[in-house]
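Dropping the structure in here first, questions after.
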């Protein structure tokens, strides 16, 4: 049957202009549910800007973003999170003064429903929700191997732990789609391996991931599909093997001569 | 002799309670990462509304207090509404503008007694009322702190953008905080008016707004107890050190500078937990 | 009665433009500081007071003529501005403190300074010595314009022109604009941000002081808290004009000046000060970025 599965994330013709500079230029791609999709490109290609557009931090000049068939256009970031989107940041935006567990519990904002009177009187949904939230937070901390640090001040964690905490916090909102902005940045090979394992487990659990990353090995081993950007435009898309051999991609990273030498094709 | 002793200190004790409420009002806004300089204006609105209702319309005190909370909250809605989507600087300036408009109108209008203000306000505030309300407010803050609201508040204060991405409903939180702060300040204004028998338009201006800020900055905003501590210290200290009395404003200004530059956490460094 | 209004209108408009020029001048320094340094510096109002007091000192005790006293007051105040920035704002900038921290620290400093000044000088109103500027007036058609008013308008025009020339036509101006766009990038490009910061502090201190001297001349009433009421009005001007925009500050200043005078003349002088703030609130409701401001962009 010619069944078209609705992609989980559908980006159409996304464009954003900052006073004369076109940072993202008519970019479009789809992410299928249950897959890991990579967004790569040289520095300045517009990858993080794309993330900011998708998560609602900056408004696009034109274009559409749809999540599970629901249009996200015009929605502020907190509404997108409630719709099932979640993300981590390139430069780790942790709530430094709060404890590790509190950080993760903050990620559950969208899911906790107790009303203000219930909170003030400690009745109704408050206690069960709070207990469940704490339990869930501890589960997530266990998943990212941070259980021992649960009561520590988040700002005191070493770098690699903070990155994992960010992921735990992003998972707390029970997203359908998780955006990861350079999750392996600054990690040593051992930590990166652990991260690959963690992300694979997430994928096996049915979560859809869209990630930006510079570590090519990381990208190639994890991703089912890759979109390549350069100067704000999409220049290639496909399975990792195709991308690895695509002359346009090689040119973007290494220059035209190298591309021609490696592939025998003029890009 | 003992009576006159207590009588002269009664004013001070009442002032501590009222300033404690004002400090909590400031805390509400600072706790979500905003800066409002309208606490004095909201206090003024509460004071004038309650006084006019008592003197001219003879309302029962409970209803008067309620009005003293509702009207400032509406003013907060009007002033704060448009600034929600803008950076924090706009709210600070808008609240300053509110204060100035209020001061000018109260000075000019006959309804509010003009520059002479309103006098002959009956004494309806009691020790129990002021500190009872303060106590209830503190309990309320602690309950809110240890819940999803408390986590949302601290997240917003640390990193508003990240908080939004976590799902915190930013406009509602900001507006809610502003309205609650207006209600507390209005209440403080009404209680104060009905303890001092006289109010004037120059009691609720820029200097007072900054003084209230100094309570919160001195005490620290890690928990609702910090600002109250700051209020107690800054209310009582000038009385103890009579030399400081005339330099109250100087001291307040100095404290703000020192606090921001060297003691960003204030005196009470303890941070209230955010798990229920 | 309508005829009477019409008859008075030109004079009132002139008075309004003169007053508006001082507001614009004051707001210029403020908006410059905000535009380039990104900080709402509340001690700015204090420079206004300082300028007026320095001019008072210069003309009374040193018997300087006004055309010397004014620039001298401006430069000295500019120096004070540099000191304040170094003591209060640069440490916060180094710590990358949030925007509101700068606002708060200058708030505290302002309170401190005004109270100290009041304690030292008292609150009584002082006047510039009578010989400082001629009170003769020229009559041009239906309006009467005196020398201090001419001085104010000429100074404003000259300063605005000089400022625009500086910003658009010199390398320093370019550095200022670079810093306003993106401080870190500017630094990486080799812009000497410390020097630019110092120059901008100097300029805004001088502008505030100039406005102070001119207002002192126009109304002949100098007292310590004059800067504070001016500051509050300055907020209105820069928000209505647009934060960081020079022509916005100019236009908004003139508009508020004219409206205030018209209100005082034709409605009631009790409410004239409210005009600016009502306009401010209206601006926030309908066009928050002001006449020429740009919407701020959030980034991750």
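Chains here go by letter, A, B and C, matching the order in which they are written, and residues are numbered from 1 within each.
Operating definition for what follows: contacts are C-beta pairs under 8 Å (C-beta built on N, C-alpha and C of every residue); 3 or more make two chains touch, one makes a residue touch a chain.
A quick note: this is a predicted structure, and the numbers were derived from the prediction, not measured.
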Distance-maximising chain from chain C - centres being C-alpha averages: A
Chain centroid nearest the full-protein CA centroid: B
For chain B paired with chain C, centre-to-centre distance based on mean C-alpha positions, whole Å: 30
Whole-Å gap separating chain A and chain C, where each centre is the average of the chain's CA atoms: 47
Geometric centre distance via CA averages, chain B-chain A, whole Å: 42
Residues of chain B engaged with two or more neighbouring chains: 161
Residues of chain A engaged with two or more neighbouring chains: 55, 57, 89, 93
Multi-partner residues of chain C (at least 2 other chains): 298, 300
Sites on chain C touched by chain B in the complex: 40, 88, 91-92, 97, 99-101, 103-105, 107-116, 119, 228, 232, 235-236, 239, 243, 268, 270-271, 273-274, 277-278, 280-281, 284-285, 288, 296, 298, 300
Complex contacts: residues of chain B adjacent to chain A: 140, 143-144, 147-149, 151-152, 154-155, 158-159, 161-170, 271, 273-276
Partner chain B, residues of chain A touching it in the complex: 55, 57, 76-78, 81-82, 86-87, 89, 93, 95-99, 101-102, 105-110, 112, 114, 116, 119-120, 122, 126-127, 129-130, 133-134, 169, 173
Footprint of chain C on chain B - complex, ascending: 35, 79, 81-83, 85-90, 92-94, 96-98, 100-101, 104-105, 107-108, 161, 206-207, 210, 213-214, 217, 246-247, 249-250, 252-261, 264
